[in-house]
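Paired with subunit B in one complex and with subunit C in the other, subunit A is shared by the two complexes that follow.
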Partner chain A sequence: MPKVTINGNTIEVPAGTSVIKAAQLLNIPIAHYCWHEGLSVAGACRMCMVEVEKMPKLQVACNTTVTDGMVVFTNTEKVKTAVKWALDFHLINHPLDCPICDQAGECKLQDYYMSYGLYTPEMNQPKVKKEKVVSLGDRVVLDQERCILCSRCVRFTKEVTKTHELGIFNRGDRSQLATFEGRPLNNNYSVNTVDICPVGALTSKDFRFKQRVWFLKEFDSICNGCSTGCNVTISYNQNGVFRVKPRVNHDVNGFWMCDSGRDIYKYTNKEFRLTQVVERSEKLGGDAVRGKPVALALQEIGRQLSQVIKNKGAQSVGLVWSGQYTNEEYSSMGRFFKDLGVSQFYHWKNNEKDFDSFDGILKRGDLNPNTAGLKKELAGLKSWADFEKQVSPLEMIFVMGPENFGAYSDLEENVKVIKKAKEVVWFTACESSLLKEFKWLIPAKSFVEKSGTFVNSKGLAQAFKAGLTIVPDAVSLEEAVKGMQESARMVS
Partner chain B sequence: MSVVKRPSQKSKWYIPGVLTGLGITIRHMFFNLLHRKDIFTIEYPEERYPYSDRFKGNHILTVKKDGSLRCTACMLCATYCPAECISITAAEHDDPNVEKYPISYEIDILRCVFCGLCEEACPVDAIRMGPEHQTAALAGSRFVYDINKLAYRPNLKGGVLSHVDDEERKARGL
Partner chain C sequence: MEVKLLSEHYDKKEFRHLEGYQKLGGYSALKKALKMKPEEIVAEVKNSGLRGRGGAGFPTGMKWGFLPQNGEPRFLLCNADEGEPGTFKDRLMMERAPHQLIEGMIIAAFGIKSQKSYIYIRGEYYQPYKIVEKAIEEAYKAGLLGKNILGSGFDHEMDVYRGAGAYIVGEETALISSLEGKKGQPKLKPPFPAVKGYLEKPTIVNNVETLAAVPWIINNGAQGYKKYGTEKSPGTKLFSVSGNVNKPGVYEVPLAYSFKDLLENECGGMKPGFKLKALIPGGSSCPVLNYDEAMKATMDYECMSQMGSMLGSGGVIVIDDKQCMVDLLNVLMHFYHHESCGQCTPCREGTGWMEKLSSSIGAGRAQLSDITLLDKVARQMMGTTICALSDAAALPVISFVSKFRDEFEFHIHEKKCKVKGHCHAQSHH
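After this line comes the complex of A and B, so read on.
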C-alpha cells in the first residue's frame, strides 16, 4: 500500500486513493466544491489545489492518485494564492444574496472566503443575470445565479438515482443548471441534491425561510420513516424540529436518505401531537375529558387492567403492536403483560401489500423503523387477520399505535376493527380525530424524545439518544409500565 | 480592624449649613421669578426638549419607493440583538427579485436596551433608530411594536425611505 506524506504527516492508504481522501483521513482540510466522496470525480472547481514535491505545477487533489512516497503540501503560499484566485473566479458572477440565502451560515463560499479569500473584488463588469427562484420539482428550488456549476447535483441524478433529470446547459459564463424539458426533479431522493450543493443554489421548499441555520441545534438520531433505519441529524430549536439531514454510515445509508424520510420531523412537532391524556368514561357523561395527569391516568389503567384480569381472565386482554417503538419499550411492556398472564399479542402491519418491497436504493415498503426488533423481542406475535377474528370477545386492549401517521394509510379501517373491543387504551404520539372514541388516549413520546434501539431490516441494531422534549407529559412505554405496574399488581 | 469614627461635637453645628442652603434656594426663587425666560426646566409633557437626530430612540423600519418594507428578513438584527427582543417571521415573496420578506416583525421595546446593534447589523439600511423616545403606554401589549407601528406610525408620514435601492443596484450590475 502506498505511503503518502501530507504536511509532514505520513499515512498508508489503499492503492488508488486520491490525495483529497488521504488528507481527509488525516483530518487536513483541503478546500473543495465539486468532489464528493459518494460521487465520481469531476475536477470542475479547481479549488483543491495542492503542491506535490517534484511536480512543477500545482495539482488538483481530487483527481491525483496517491503514489508511494508522495510528499504533498496543502498550506504553502503558492497553494493559498491559487485557491484565492479560484474563489475569486467563482464569485465573479455570484450575486450578493447572503441575507436572503438559506445556505448562509453553512455555505462553502462564505467559509472559504473567510479562510482563503479576504480580497477586495476587482471586477467592474456587471454580473451575468440568470433566473432566480426556479422550481425544479416538488421539493427543490434552484437559483441559477448562485450556482457555481460544480455538477455535484448532476452527477447525483446520474449516478445515484440514475434518473438523469439535471443537466448543465450553454457554455462559458452563460452555463446554467436546469432540468430537461418536461422532466422535473421529482425522484424520491431529490433533497439530497440540496444537501450536497455546496452553495445556496439548491434549496429545499420545505425548509426555505423557516429558520436561519445558526438558530438551530443538532443531534444524531435514526430515521423512523422505514425499516432501512438511515442515520440522520435532526435540527431543532426552542420552536420545534425543523429538518432532517442524512448522516454518513456506510453500513446503512451511505451519504443519502430518501425524501419521504425528510418529513418524519413533522409528526414530532407540537401541532400534530397529543399533548394531554384524553379519557372517556360513562361516569364522566361519555365525553372526552382532557388533562388528567399522566401518572394518575396510568395508575387508573393499571387498576382497571387488574380488575379485568381478575373478573374475566387474562385471555380477555389483548395487545396490538406497531413496529414504531424501541426494543427497550417492547421488552419492558411485553414482560409486564406476560407476567400478568396476558399473551395475546397482535402485529399491526401497515400497507400489507408492499410490505416487503424495496426501491433499490434505500426506501423499503415496511414503513416502520423497528419491525425486526418487535419480532425479536416479542416471539409468537399473531397476525392482523387473527386479530380481526378474535377482537370481539376481548374486554380490554392496549394499542401501541403508530407515531408516524403519514405511514399508516390503513389507519381509518383498522380503527374500525379496534373499536369492536370494549375498552381501548391507545398510546399515540399524534393527535387524530379518528381516535376520539377510545376510552384512553395516552400521549406517547416521539422518537426524538426517547433513547432506545431500532433494529433495521438487515438486523443491524442501532442505538439512538433523546435530543429534546416537545410534549412534557408524554411517556415512553417503559415509563408507562412503571406507571401501571404498582396498581396492576395490587388487586391481582 | 476597623476604626469607627463617632460624629464629633462639631458636626452638630448643622444649623448654619441648613440656613445657607435655604438661602441659595430662596435666591434662585427670586432670580427665576424675575428672569422667567432663563429657566432650564421645561413643562413636560406640554413642552418637549428637541433631541438630536442621531439620538438612538424608537426603531423605524424603512421602506422602498413603492412603500413596501425594505427589510429582507435576513434576521441579522435578531441574531445580534443582545436583548433577544426582535422576532421575525419570514415568508416567500411573489416577486423572484425580492424572494424573501418579513410577514411579521416585532420588537419588544421593554426588553430593548437601545444599543443600536440592530441598526449596525442590517445590511440594507432597513432598520434605524429614530429620535422618538417617549414610549409610555397603558397596556403591556402596547410595548410590542409590530410592522405597522415600526414602519407606518403617523409621525413617520408614510414611511422613511431606505438608502439601499434594488433598482439602482441592478442598474449598476450588482
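After this line comes the complex of A and C, so read on.
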C-alpha cells in the first residue's frame, strides 16, 4: 500500500486513494466544495489545491491519486494564496445575503472565509443577477445567486437516484442550476441535495425559516421510518424537533436517507401527540376522561388485567404488536405477559401487500424500524389474519400501536377489527380520532424520547439513545410494565 | 520565402477532388504506409519531431505512443474546431485539400491501429464541412476508406461531426464530451484521452494541420521533414495572418522564419499609413509582443517561449498603431467571458470580472488601482483550472497591461483614448 506524507505526517493508504481522502484520514483539513465522498470527482471548485513535491503546478487533492512516497503540503504560502483566491472567486458574485439565508451558521462559504479567507474583498463591479426562490420540486427550493455550481446535486441525481432531474444550463458566469423541463425534483431522495449543497442555494421547504441553526442542538438516532434503519442526526430545541438528516454509516445508508424518512420527526412533536392518559368507562358515563396520572392508570390497567385473567383465563387476553418499538420494550413487555400466562401475540404489519418491497436505494415497504427485533424477541407471533379470526372472544387486548399512523395505510380498517375486542388498551405516541372509542389510551414515548435497540432488515442491531423529552407523561413499554406489574400480581 | 510542403497545390482547383489529388501525387503516402508496420509509422512521425499544430505544440509521435498496447478499440479524432481568434488555416486546408487531411488520418489510424475516426468540425464551418464530407464519400467509393483498404486488410471508417459553436470544444477533452453528445466541457485529467477518451476508450485527438502533415512525412521521411525549421521546431507551419497588412492570408513557411520577413515579404508589409505596434503571434491566447520584440521574433516554439509568448495555432494578429490596446483587450475579454464553459470557479467568475474591469477602464469609470487589480485577477486565474481557457484569458491581460500600461492609464486619467481620441472601449459597457 502506498505511503503519503502530508504536512510531515505519513500514512499508508489503499492504492487508488486520493490525496483529499488521505488528508481526511490524517485529520488534515482541505477546503472543498465539489468533492463529496459519495459522488464522482468533478474537480471544478478548485478549492482543494495542494502542493505536491516534484510537481510544478498546484494540484487538486480530489483528483490526485496517492503514489508511494508522495509528499504533499497543504499549508505553504502558494497553497494559501490559491485557496484564498479560489474562495474569492466563489464569492465575487455571491449575494452575501447571510442575514436572510437559511444556510447561515452551517455554510461552507462562511466557514471557509473564516478559516482560509479573511481578506478585504476587492470586487467593485456589478454582480451577476440570477433568479431567486426557484421551486425545484415539492421539497427543495433554489436560489441561483447563492449557487456556487459545484454540481454535487447534479451528480447526486445522476449517480445515486439516476433520475437526472437537474442540470447546469448556459455557460460561464451565466451558468445556472435548474431542472429539465417537465421534470421537477420530486424523487424520494430530493432533500439529500439540500444536505450536500455546501451553501444556501438549495434549501428544504420544510425546514427553511423555521429555526436558525445555532439555536438547535443535535443528537444521533436511528430513523424509524422503515426497516432499513438509516442513521440520522436529529436537530431540536426547547420547541421540539425540527429536522432529521442522514448520518454516515457505510453498512446501512451510506451518506443518504429518503425524503419520507425526513418527516418522521413531525410525529414526535407535541401537536401530533397524545399527551395525557385517556380513559373511558361505564362508571364515568362512557365519556373520555383525560388527565389521569399515568402511574395510576397503569396500576388500574394492571388490576383489570389480573381480574380478566382470574375470571376468564389468560387465553382471553391478546396482544397486538407493531414493529415500531425497541428490542428492550418487546422483551420486557413480552416477559411480563408470558409470566402471566398470556401468549396470544399478533403481528400488525403496516401493509401486507408492499411489506417486502424495496426501492433499490434505501426505502423498504416494511415501514417499521424493528420488525426483525420484534420477531426475534417474541417468537411464535401470529399473523393479522389469525387475529381477525380470533379477536371476537378476546376480553382484553393490548395494542402496541404504530408511532407514525401515516405509515399504516390500513389503519382505519384494522381499527375496526380491533374494536371487536371488549376492552382495548392502546399504547400510542400520537393522537387520532380513530382511537376515540377505546377504553384506555396510554401516551407512549416516541423514538426520540427513549433509548433502545432497533434491528434492521439486514439483521443489524443498532442502539440509540433518548435525545429529549417532548411529552413528560409518555412511557416506554418497559416503563409501562413497571407501572402495571405490581397491581397485576397483587390480585392473581 | 514560403516553403510549400503541404500547400504546394492549394491554389489548384483539381486538388480539391480525389482524381486531381491523386494525379498530383495524392494517396501515394497511404500506399506506402499500408506496406509498413504500424509501429514504423509511429516511429517515423516521432522521429520527424512533428508537433501538434492546434496550439499546444505537443510532440505528435509521443502522443500516439501513450496509447495502451493492448488491442483495445481506439479512436482517432481530428480536431477541426478551429476557434482560436486569429486562426483560419485549418479552414483553408479543408477547403483546398480535404484529401490531404483524409489521407493523413488514414495513415495515422493505421499507425495507431484505430478503425474509427471522426472529424469534429466547428458548426460555423459549413462550407468546409460540405467539402470534407464529399471527399470522404469519394474516398469510400475509391476503396480508400471502409473494409480492406486498398487490399491491405486494414479497415477504417470515417465520419464528420459538426460542433454547435463553442470555443472551448477546441480543447480536446471538451471535444470528446461534445462528440459524446454531452455539454462541451473539458474533462478532468487524469485519465488522459490516450488512456480513456471518447466513449471511455483510448483516443487520439490531433489538429487538422498535424494530420495533414503526416502523408508528406511518410513520403519524404522524418529526416526530410527535419531539414526545415529547427531541431525543436522541425518542419513547416501554416500561419494565418490578419491585420492591416497588404496581403493578409495563410502562408506556409519553415518554422523559425522571422516575423519581419513574414510581414515584409509574404504579407507585403503594413498597409499605407499604418505602422506595426504589436503582434499576437499565435492566436488571441498568446501574450502580445511589442514592436521591438516582434521585429526580433522568429516563428518557432523556442523563440516564442523565450519571449514569454507562444506559437499557438499560428494565428498571427498584426496590430497597428491606429489600434487602441484597451479596446482590443475589451474585445478579447468579452470573448473569453462569453466562452468560458463555467465549470471551474476561477475561470467562470474570473473571466466575467476581467471583462467588467477592462471595460470600466475603457469607459473611464475606473481608478488606477483597477489596472493592478485586473492584472492580479489574471495572475490568480493562471494554472488553477481543468483546462487552459483560464490561462488563455489571463495571458493577454497580463501582457497587454504590462506592455501597454500607458494606454490603460490614459483611459483612466483623461477619460479618452490615447490612440484615437475616441474608441469603442469608451462606449463599451
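One rule holds in what follows: the second predicted complex is superposed on the first by the 492 of 492 C-alpha atoms of A that agree within 3 Å, B and C clash if a C-alpha of one lies under 4 Å from a C-alpha of the other, contacts with A are read in each partner's own complex, and residues count from 1 in each chain.
To be clear about the criterion, contacts are C-beta pairs under 8 Å (C-beta built on N, C-alpha and C of every residue); 3 or more make two chains touch, one makes a residue touch a chain.
Keep in mind the model is a prediction, meaning the values are calculated, not measured.
J.: Does the superposition put A:G380 against subunit B (first), subunit C (second), both, or neither?
T.: After superposing on A, A:G380 lies clear of both subunit B and subunit C.
J.: By residue count, is subunit A touched more by subunit B or by subunit C?
T.: The partner that reaches more residues of subunit A in the superposed model: C.
J.: Examine A:I148 and indicate which partner it touches, taking first as subunit B and second as subunit C; both and neither are also allowed.
T.: Second partner only.
J.: If we overlay the two complexes on their shared chain A, which of subunit B and subunit C does A:G8 touch? Say first, second, both or neither.
T.: neither
J.: Taking the superposition as given, does A:P99 touch the first partner, subunit B, the second, subunit C, both, or neither?
T.: The first partner, subunit B, only.
J.: Looking at the overlay, what does A:G43 touch: subunit B (first), subunit C (second), both, or neither?
T.: second
J.: For A:K132, using the defined touch cut-off, is the partner it touches subunit B, subunit C, both, or neither? Pick first, second, both or neither.
T.: It touches subunit B, and subunit C stays clear.
J.: Which partner chains sit in contact with A:F209 here, subunit B, subunit C, both or neither? Use first/second/both/neither.
T.: Only subunit B is touched by A:F209; subunit C is not.
J.: Show which residues of subunit A both subunit B and subunit C reach, each in its own complex.
T.: Common interface on subunit A, subunit B vs subunit C: 125-126.
J.: Which residues of subunit B touch subunit A in the complex?
T.: 72-76, 79, 90-92, 96-97, 99-100, 123-124, 172-174
J.: Please output the residues of subunit A touching subunit C within their complex, sorted ascending.
T.: Going by the criterion above, the answer is residues 41-47, 49, 57-58, 63, 65, 81-82, 85-86, 88-90, 92-93, 122-126, 128, 148-149, 168, 170-175.
J.: Please name which positions on subunit C make contact with subunit A in the complex.
T.: Listed in rising order, the residues of subunit C that touch subunit A are 166, 183, 188, 190, 337-346, 348-353, 356-357, 360, 370, 373, 376, 380, 383-386.
J.: Applying the document's contact rule, which stretches of subunit A touch subunit B when the two form their complex?
T.: 96, 98-100, 104, 125-127, 131-133, 208-210, 212, 214-215
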